[in-house]
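This report refers to the structure that appears directly beneath it.
Chain nomenclature is as follows: A, B, C and D, assigned in order of appearance, with residue numbering initiated at 1 for each chain independently.
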Amino acid sequence: METLAKLELHPLSEIGNLKVHGRTTGRLSPLTLFWTGSAVEFNVKGSELWVEVEADYDTYEPWISILINSVPVSRQMITAGRSFICVFRGMNKDVVKNVRIVRDMQAMSGDPGSSLQIHAVKSDGDFLPVEEKPYKIEFIGDSITSGEGAIGARTEEDWIPMWCSAIHNYSMMTASRLHADYRILSQSGWGVLTSWDNNPRANMPDYYEKVCGILTGKKNEALGAFEENDFESWQPDIVVVNLGTNDGGAFYSPEWKDEVTGEIHKQRLNEDGSYHEEDLQSFENAAVRFLMKIRTYNKQAKIVWAYGMLGIPMMPAIYRAVDAYKQKTGDQNVSVFQLPNMTEQTTGARSHPGATAHEKAAEELSAYIRDLL
Amino acid sequence: METLAKLELHPLSEIGNLKVHGRTTGRLSPLTLFWTGSAVEFNVKGSELWVEVEADYDTYEPWISILINSVPVSRQMITAGRSFICVFRGMNKDVVKNVRIVRDMQAMSGDPGSSLQIHAVKSDGDFLPVEEKPYKIEFIGDSITSGEGAIGARTEEDWIPMWCSAIHNYSMMTASRLHADYRILSQSGWGVLTSWDNNPRANMPDYYEKVCGILTGKKNEALGAFEENDFESWQPDIVVVNLGTNDGGAFYSPEWKDEVTGEIHKQRLNEDGSYHEEDLQSFENAAVRFLMKIRTYNKQAKIVWAYGMLGIPMMPAIYRAVDAYKQKTGDQNVSVFQLPNMTEQTTGARSHPGATAHEKAAEELSAYIRDLL
Amino acid sequence: METLAKLELHPLSEIGNLKVHGRTTGRLSPLTLFWTGSAVEFNVKGSELWVEVEADYDTYEPWISILINSVPVSRQMITAGRSFICVFRGMNKDVVKNVRIVRDMQAMSGDPGSSLQIHAVKSDGDFLPVEEKPYKIEFIGDSITSGEGAIGARTEEDWIPMWCSAIHNYSMMTASRLHADYRILSQSGWGVLTSWDNNPRANMPDYYEKVCGILTGKKNEALGAFEENDFESWQPDIVVVNLGTNDGGAFYSPEWKDEVTGEIHKQRLNEDGSYHEEDLQSFENAAVRFLMKIRTYNKQAKIVWAYGMLGIPMMPAIYRAVDAYKQKTGDQNVSVFQLPNMTEQTTGARSHPGATAHEKAAEELSAYIRDLL
Amino acid sequence: METLAKLELHPLSEIGNLKVHGRTTGRLSPLTLFWTGSAVEFNVKGSELWVEVEADYDTYEPWISILINSVPVSRQMITAGRSFICVFRGMNKDVVKNVRIVRDMQAMSGDPGSSLQIHAVKSDGDFLPVEEKPYKIEFIGDSITSGEGAIGARTEEDWIPMWCSAIHNYSMMTASRLHADYRILSQSGWGVLTSWDNNPRANMPDYYEKVCGILTGKKNEALGAFEENDFESWQPDIVVVNLGTNDGGAFYSPEWKDEVTGEIHKQRLNEDGSYHEEDLQSFENAAVRFLMKIRTYNKQAKIVWAYGMLGIPMMPAIYRAVDAYKQKTGDQNVSVFQLPNMTEQTTGARSHPGATAHEKAAEELSAYIRDLL
């Protein structure tokens, strides 16, 4: 085997020219990648590059994808432990390669032990500056935005990280079409008011201010997940909210019960099958509050509520919420956009949108956003 | 991290129900995967599966792709050493998963130290029988059949394993459309008579009888690469020969010189730019001899000379060679099929066909073969 | 020239087995086709068929398209006068052909002299029964539903019938995908409250009860255009309302003035460029009233407000109107669906959706309606 | 109805600025359009245009298509007699429209009475010069090049002009992609040596020198069909020969017998189903002679034998013929190109290529020709 003798170890914190994608604490020793689609990016002028990753978990292992010059070339499960992964070798040392190491799995609220960190790189090359993209987009969503089912056979039914993709994902595709940097905050099953199974704690808005507030546990606390997010450092031009699908599902799910307090929650259906007005109003109120919170932290962003890849039953409520928000605040920079529905042909694994459904969504959403920019 | 305590180690040689793809020696302790697209396949009823791989190389490292239920979910470089790779975990233990571990890089004639082996698997599950497909296809080709450039940005110019794909490859796509098992013999730059740079030793026909005769070195000898291939055990219904592209290129390349013997070879152009008739005849003679050799070992197969993804300058010579072969042998089961040319839009990395070009080729070739079956 | 001696003349009124598409008076001596997409359909078992048409106009001539076995084979301008047009000849007389003669131009409110009538057919064959389709859909729209720009080069700017298509039209495509009979009521430039240029008389709702109330003049009165439509005879399963695009445009157009009465109308913009709330409310009120009117005449239909092929600025108002209608009536069988926006690639003539844009709209709309049926 | 008073009659012979497509006699009083795809083209600066056509036939009526600014807007059967057809009206009189009136049906060897002529136009506008395209292509073919089946339902079986299209035709599409003027010589059922049913007179080569030599009868003689073609006036850059499909079919058809002379012809199959060598050689000889004839009249053209939309059984013979021609003449400007086969999805009417099959063929053929130009 070829010698690696000439490679030099660079802790991330000592590389000036790198770009971190996704909400983080700012720490680089090591860098913790919390959210799906979060990444570290380099421009390497060298023949070989290794990256030192560390993973842990109780249940759900992290995955990464590697992009060279914007093309995905590798995707792999990261099993527990700390190790070096070779990104490339044997390349022309005088040519600059753009490299992106992407966390290819959502933040795991269901596994407090799950973590993915990047410590260092080894290379024989130099690290050159990484360009800023002209735009910034933040995506806030659920399983759709986590890319659940975007990889895998249609028959797959297990809920495991393998079927989730940050790459075959409308968020990355939309950002790519618009030449935008982007961040994702997403969690399968979660909603604006409750999760698909009526859990009122599994809502995205409550945790928006934190770096990755949906996580739990001491370990994540130590990693900084619950720190205040530094909004000033990354102000998006566009915030896409793709929520509501699970809030709609909650009306058809059994009640949720807090086993400790006995607290119960249930979004109710009327006898004729329509949504109970009071509960629907609760959803709308939660949506209004979330828009107000988003605006608090993103003064200039155009906010787009994009919804519809798995049907549009909540769309009237979403429009009412956006209307109510505008009325209340006078803020006109919020709009609603219907995403194209998944079809029989574009279904992926776990009855979720496949890669083609994500492509169609990205095509339409990026055209809509282009007009806003 | 979750315990792995219940996993049981199974050396490959002790698993009755597995299927090996690609030419091998028959040995399973360990299994050496020589050719691109060669693989080991399981039907695993269990929640977790690891595979123990061993790689070595001087220059060119091997890559693998993992397919679960026929869908590619992982692709990774295998660095030197012996280690366990987790294929899946956390899945429903009562459901059978079809798993294929595919060598995603061509046999490396240029690196006698390069090897990829599979020793064992670990799982908590049972290994069920793997079905036989109704058809068998053998592909013999060059860089196109090695999938060179089918992955990667258009700007890529390095000759490295990363840009080669056994998955985004017309051979796998053709076999998949026809529900066929398949094997690949391929080598970038090689031809029927000579390589692209006029090396008369870099021809596929001379090594056809061996398991993987294009390799060199003591190590490969020890692995069994130069053993006689057991043709009886796997008789294809179709043999696809996709060669000629490099033989055509040789006319435009400088002469080749054997530094030891002083031997020189050069396919010559006439002054008007046409191929020198004598040299073209040498190509045709080599093609006839190769067809005769293929027929010797594959008595029943329909042989299809499929050519054209990078232009068709050698097509008249190929037709003449097939005519001459038929005349000489009376064998009518040989035909020629023109593959669709790569276009500006379908170009991949290294000026080679991209994934879309491979898809178009597979669409047309599989339709042609379907009529033969 | 071949003799036509064996052809027999059949006034439409004497053919029992025919099917008339589109709103008409019920008269067949002759049949007046008022709306685009209206048609007469036969199943002819014979070798030859001619149709006797009569056209007149001051400005805008009618066009027809002919479909044989559901495939468009001919499209032609019908110049003034009465004449026989050969639909087919020389065909196998023992085979049944399904024939549809389609008016391929919208009702012409701008030309009181424009008319298209069908008097009779000549054939050597028999007229067999025409099947009923399982569903019925009514489309109410503007230039988009008139297929304006769906034919012709992008550079075309003239407003003439030639560029309008009932065939390359999302309405026909949607009905075809759903195996539905359909009717169109459409008028370029018109809206719910006003036309694109603020004319409050150019609204579709006021004329909904009549056979073709948007027309004017004595001649059309004589033809029965202003008679009450017989709603009982054709009850749609789905009513698609594709209006709002021109109501949105009115905010950006100069005021309209009735030269006789001096009456003025203008949908106003606020100084910040947003829609004047009062005027937007007028639109919403008009939409609510229109929904109530549609429901009056179509008790069982699911009503779908489908909007978005030329942008979605009016969508919030449409959602509010539908909400208000539901609140007021308790009727839940009304919903809103966003159609995919025309893109740079799918633009047709006159800056309107081209055939590809109509296909995309039909793909999404038909999938949405399929779930309602 | 609007007055036509201001229109001025222009006999074709008096319009300097017009362009005639397709082989003709040069006469314009009237212009006879013999071959499919032949046409007259104008650049009209005016608001209205009519064209005076005259048709006759015993069995097969002609059809025309009208293109405005390169987009097909009308297609209609021309019944017997002489009449004016309105091409456009009501357009901006200051804008120039490019207009092409295309014969949309093959020359009819089976109907000596069939003819289509253009006498004059009426317009209020001026006729401006029509540009020369940078390239010229001649297509010589059979039913495929006649566009048989490119329009119509798959179930259609009648052999009638309605199902033939010069527009949804690989020849027009290829020329359009290459910005080339083009001519077609085509006849359904005909071949190089014989027709599909072994008639040795139904071969294209014998009639190549004449304007439209495949026709018969006194009337066509009077129209000039049998005059020598003026090759000097239109020298193509490319000649595409798409013949061989019917020559292949002849091997499977019953013998042909001349009822008058008793002469018999039959291309024979061997007992094992292969082509009889002697008869195949006759085909090859005919192909060689045809290439020599084409070269005689087209000194500079690159000749492309393009074959394969309905299978490739004759391809080896075509390659041998081209080889033999090159050997005999030393002419290297002849090559063979395999067209993509029609598939289940792309089949049109009468088991012939549909519009999509023609598009695929044009995509590949135009790319091939582009490299030759």
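Quick notes
In the analysis below, contacts are C-beta pairs under 8 Å (C-beta built on N, C-alpha and C of every residue); 3 or more make two chains touch, one makes a residue touch a chain.
Since we're looking at a predicted model, the values are computed, not measured.
Superposition on CA atoms relates chain A and chain C by a rotation of 180 degrees, given as a multiple of 5.
On a Cα centroid basis, the chain most remote from chain A in this structure is D. Each chain gets a centre from the mean of its Cα atoms; for chain B and chain D, those two points are 44 Å apart.
Chain centres here are Cα means. That of chain A falls 38 Å from that of chain B. Mean C-alpha position of chain B lies 58 Å from that of chain C. Counting partner chains per residue, chain C shows two or more touched chains at no residue at all.
Taken as a graph of touching chains, this assembly is arranged as a ring, one closed cycle with exactly two partners per chain. Chain B makes touch with chain A in their complex at residues 1-2, 56-61, 68-71, 73-77, 79-80, 86, 88-92, 95, 113, 151-153, 155-158, 160, 162. Residues 272, 274, 308, 312, 315-316, 319-320, 322-323, 332, 335-338, 340-341, 343, 364, 367-368 of chain B are the ones touching chain D in the complex.
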